[in-house]
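What follows is a group of structures, each given as structure tokens.
First chain A sits with chain B, and in the next complex the same chain sits with chain C.
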Partner chain A sequence: MKFSELHPLSLIVFFVSVIAFSMVTMNPILVLLSFFAALCSNLLIKNGSDIKLYLILILAISITNPLFSHNGETVLFFLFDQRITLEAFCYGVVSGVRLVGVIYWFRLFGAVFSQDKLNWFLGKMSPKLSVVFSMALRFIPLVRKNAKDIYNSQLVMQTFDTSTLKGKFNLIINVFSALISLSIENAIETADTMRSRGFENKNRSAFSLFRFKGKDIMFIIAVLIMDFVTALYLFSPLEDFYYYPSIRFENWENSSLFFIFIYVILFMLPVINDITENLRWKYSISKI
Partner chain B sequence: MVVIKKYIKSLIAVAVLLGLSIIASIYLQNENYMLISLLAAFISCVPFFISFENNVQSSRETVTIAVMIALSVAGRFIFTLVPHFKPVTALVIITGMYFGPDAGFMTGSLTALLSNMQHGQGPWTVFQMAVWGFIGFGAGILNLKGLLKNRFVLILYSAVAGVVYSLIMDIYTTISTESVFIVEKYLSYVLFSLPVMLEYIISNIVFMLVLEKPIGKKLLRIKTKYGIFQ
Partner chain C sequence: MEILNIKNLTFKYPQTAADAIENVSLSVNEGDFVLLCGSSGSGKTTLLRLLKEELAPFGERSGEIMFFNNPTVALVGQNAENQIVSDTVWHNLAFYLESMGEDSNTIRSRVAEIAEFFDLSRLFHKETANLSGGEKQLLNLASVMVTNPDILLLDEPTSQLDPIAARNFIEAVKRLYEETNLTIIISEHRTEELWNFANKVFVAENGRITEHKNSNDISDDCIDIPFGVKLFKVLNENGKYSPSIKGIREFLKENYKNDITSIEEPQSAGECALEVKNIYFRYEKNSPDILKGLNFTCNFGSITTILGGNGSGKSTLLSLISKINKPYSGKIHIYGKKVAVLPQNVKTVFTRDTLKEDLSLITNNFQRVAEELGINHLLDKNPYDLSGGEVQRAALAKILLTEPDIICLDEPTKGIDAKGKGTIQKILKELKNRGKAVIIVSHDADFTAEISDKCAFLFDDQIVSEGTPRQIFSSNKFYTTYASLASRQQFKNAVTLDDIINLCQRNGRY
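Moving on, here comes the complex of A and B:
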């Protein structure tokens, strides 16, 4: 079972813990590991990373941070009578990497957590919300198609002079106005059909294709155990890393290695899962 | 007054939850503003979703809200003449005005969620959901007494909505690049985004002036014809 085929609940447990941990820490080792894991998962699962764009973002944050924060001992140079320090620059780099890591996790979430999963999640929170959500999803392409049709027919009728910007704007406004009448009138008909089929009944149940399997239980338990270990590490002084006034990382002990190992396993779970799946697939083909 | 009371519960709930998260952040003395602000934005949506679940009952109202969401998402694609020049905020405000606070919040927040499915999700989605939701909710609350019927107040409200949207998204930018909130940095971001903010204000006002009369008439007609959102 691929990572994206897990039950939505397992995915939510995973993403909430990963994103929360990535946002909480400023320890460069953990930040870099999280960034690396997010990048690998994106490359493997989403088939793309737009890494250039995000490197520019990291660069921009690293450069701007020393301009605003003048803490730190090691002065690199003075700019407009302001101290530009090495510590502030390092802090900028780490926070930039952390932000991009978080954005990557959100990208992966967007790729893995498809519309039907989101609908399942909303439906658990509030059934009516999920109905609105799924109907709006269907209406968006419909509305866009109708808008195009109305626009084309208005264009042919030549009701507006489209050579000027004002004429174009008026045309679009006119199309939009017609679109609203059409959409709402049609929607009311849909609503009445829904009503006659028992939408307003209290004991209505929601359709869901997702089944909670044995692997999901294993996955959630594994994630929760690793969450606990990682939280222990993050709250202990072992993790503390100071940027100001000078960069200090004193509390390194051999036990840190164990915690970091667990942290890596937790963050690499999508990659580990999918690679083992691919290998198993290959292996079973060659056997036949 | 009875009508307003229905919504006071969710407002109080949001105030208490936000207060608790601020106290928690002070008590924990950590610098994780990013996580806490994200949580706060998410939490502040929850009471309104519950209120929507309880207040909106009929299928006609549910479907009409879905259509308004689809229209404001599609509005982002239909108006492509000038970038950032979008009718989304104006539509959210008009929905809130005519269909009430619950519909306003729902339209605002789900428009953010759904249109980001095309434009890319990120931590900003949660903030946009909260801000657009509040803009719609506020329009609904103000119009319970018919305050937004006054053209001047309406224009003022849409201008303020543009300013608030821009300012809150700047807070997000400040916190996201650095876990600590630095006032100078925030002010510089505000300064940077001033042209975009101006564009928001102008587009909100223009779309409000152009769209409010025809759309308002239509929504009012639908309301009386089908007896929804009374």
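Moving on, here comes the complex of A and C:
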């Protein structure tokens, strides 16, 4: 089962932990690891990363931060009588990377958490809400098609002189009003249909095609255990990293390595999952 | 066992003078297959909606509708699009069960079962926006079958579908009927396939609905009767009763001579109105060609029909002729002054609240055209309140006001009953006589045969055969008219009811 095929609940648990952890820490090791994991996952699952655009964003933040923040001991040079410090620059780089890392996680979430998963989520909150949502999704292509049909019909009839701006404006107003009438007309019939299929019944349930499988349970338990371990690390002084007045990272111990290892596993879960899945497929083919 | 009994039912819509249904008494037994036929506005839809409690129209009502043993009633209406509630196929199927608060496992198995029965499993994950009309209507049927109905009401379910999709749908209904203990009441314009299958036929005429016993009690007003019944009526073969193609074929062979076997083609040649030369078209850069090297001409003073199945590019060709789209290669020469198009969804022609306002957007001198098309009494109405035939004539009036000399019609017989078809036929012939060029896009072979001077058969992005309807349909073996199928053993090129009658009368009986 690919990462994107996991149950929406598993995905939500994963993304909430990953994004929350990425946002709370400024430890450059953790930030870089999160960024790297997000980049790998995007490359593997979303087939693209727009890396150039995001590198520019990181660069921009790195440059901007020292222009506004003048803390730090190590002065690099003066610009318009303002101190530009190494510490502020480093802080800028790390927060740029952190921001882009979080953006990458959201991008992946958007790609993996498709409409039907979103609908599952809404259905858990309120079954009626999820119906409204899926009706809206159906309505968009329908309205678009109707708008195009009306527009073409009016254009061919040349009801409005489209050579002038006023005529064009008139055409659009008329098409819009016809579109509203047509949509309402259609919606009344749809409402009738819904009523005859029991929509007014009080205790509605929300059905979805997703099934909670054994793998989802394992996945969620694994994520929660690693969440616990990572949270311990983040709240302990081991993780503390100071940029101002000078860069300090004093609490490194050998046990830090263990925590970072867990952190990497957690963040690399999508990649680990999909690569083992691919290997398993290849292996089973070679057996056939 | 009786499942439904209607006694002296009368119904009147608010603010109307006439009763929509007048003193109707009917009885339906459990397991009946009832065919309800009659022209539009004869009260079929009103009756069916009155039978479904949630959809019953508002108005004055007297008389009784009695159901026995509390049957569940389900209804599928004519507009496939508007009965779809949700964005995916599976969610439409699950909708009713969700409403009833069923748990996921029950829903999963019920939905799977229904999808399998209606052969929807390959569409299961599809978005409804990407389904064809026939698939949508089949989905609607499946979605109401989830409700486990005892009585299934079908209100002109195939009127918006092309003939092949319509046949598939009717087959599904027949299978449903044969395999389950379902009572079905279906109203249909295309009665050929159901006339013999149904064990009761109700005929609706101006609000009066009666059970039909034999072919003699059908008046000429009700013309939604199968081809065969019509033929025997006109030939004055009273008492004979065989709507099947095979039956007609044998009857003609046994009773009529065939000394004269063909009808002479009238010669007509007008000036060329439109010439399409070797055009290529595709919608997007990377999509396949919709039209490939297509050639096509039509003349003034004639009616040309482009025939072809769904997705063969017929409507696309019209959009090129009307300059909505441009071919990427090839030329279209238009020798007329103006091209007008009656779109498939005729409602898209209107933008205002009353028909009068809408027509005066084009010109204030609409009286003459309105009179010719018989829409004078509708001028103050909202275009959306008109019936299928009326709204079509109104739309045609609007496009005729732009004074076109090339008139294109996209599927003008869709959702129109036999009476409406007759009217539109008359109007188009009148336009032809005035020297206009009329181009029709259609898959209705019978209508095409009656009306056109020339047919072009569009298949696989080009025109594969071209000729007069008699040439095309008498040489086609499968894609042809009922008349041609029924008479081809006997006559060479009879392709319409009138052709057969003409030849029969000239040949005489044995």
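Before moving on, here are some points about what is shown:
The definition used in the following text is that the second predicted complex is superposed on the first by the 276 of 288 C-alpha atoms of A that agree within 3 Å, B and C clash if a C-alpha of one lies under 4 Å from a C-alpha of the other, contacts with A are read in each partner's own complex, and residues count from 1 in each chain.
We adopt the following convention: a residue touches a chain if its C-beta (ideal position, glycine included) is under 8 Å from a C-beta of that chain, and two chains touch if they have at least 3 such contacts.
None of these values were measured; they are calculated from a predicted model.
With both structures placed on the common chain, the touch criterion links A:Ile180 to chain B but leaves chain C unconnected.
Using the contact criterion defined above for the overlaid structures, shared-chain residue A:Met23 touches chain B, although it does not reach chain C. In the superposed pair of complexes, A:Val229 makes contact with neither chain B nor chain C. Comparing chain C and chain B on the residues of chain A they touch gives the larger count to B.
Legend: residue contacts after superposition of the two complexes on their common chain; A:Thr190 is shown touching both chain B and chain C. In the superposition on chain A, A:Val131 makes contact with both chain B and chain C.
With both structures placed on the common chain, the touch criterion links A:Val271 to neither chain B nor chain C. Within the superposed three-chain model, A:Phe207 lies in touch with chain C and out of touch with chain B [touch as defined at top]. In the superposition on chain A, A:Leu99 makes contact with chain B only, while chain C stays out of contact range.
Once chain A of one complex is fitted onto chain A of the other, the partner contacts of A:Leu44 are absent, as it touches neither chain B nor chain C. In the superposition on the C-alpha atoms of chain A, the part of chain A touched by chain B in one complex and by chain C in the other spans residues 115, 127, 131, 135, 137, 142, 175, 177, 181, 190, 192, 194-195, 199. Across the complex, chain C meets chain A through its residues 52, 54-55, 74-75, 77, 79, 81-88, 90-91, 94-104, 107-108, 111, 127-129, 143-144, 147, 319, 322-324, 339-341, 343, 345, 347-352, 361-362, 384, 398-399, 402. Within the complex, the chain A residues that touch chain B are 20, 23-24, 26, 61, 64-65, 68-69, 91-92, 95-96, 99, 102-103, 106-107, 109-110, 115, 125-129, 131-133, 135-137, 139-140, 142-144, 147, 165, 168-169, 172-173, 175-177, 179-181, 183-184, 187-188, 190-192, 194-195, 199-200. Those residues of chain B that touch chain A in the complex are listed here as 30-32, 34-35, 38, 49-50, 52-53, 56-60, 62-67, 69-71, 73-75, 77-79, 81, 87, 106, 110, 113-114, 117, 120-123, 176-179, 182, 184-185, 188, 210-211, 214-215, 218-219, 222, 226. Against chain C, in their complex, chain A makes its touches with residues 115-116, 127, 131, 134-135, 137-138, 141-142, 146, 149-150, 152-159, 174-175, 177-178, 181-182, 185-186, 189-190, 192-199, 201, 203-209.
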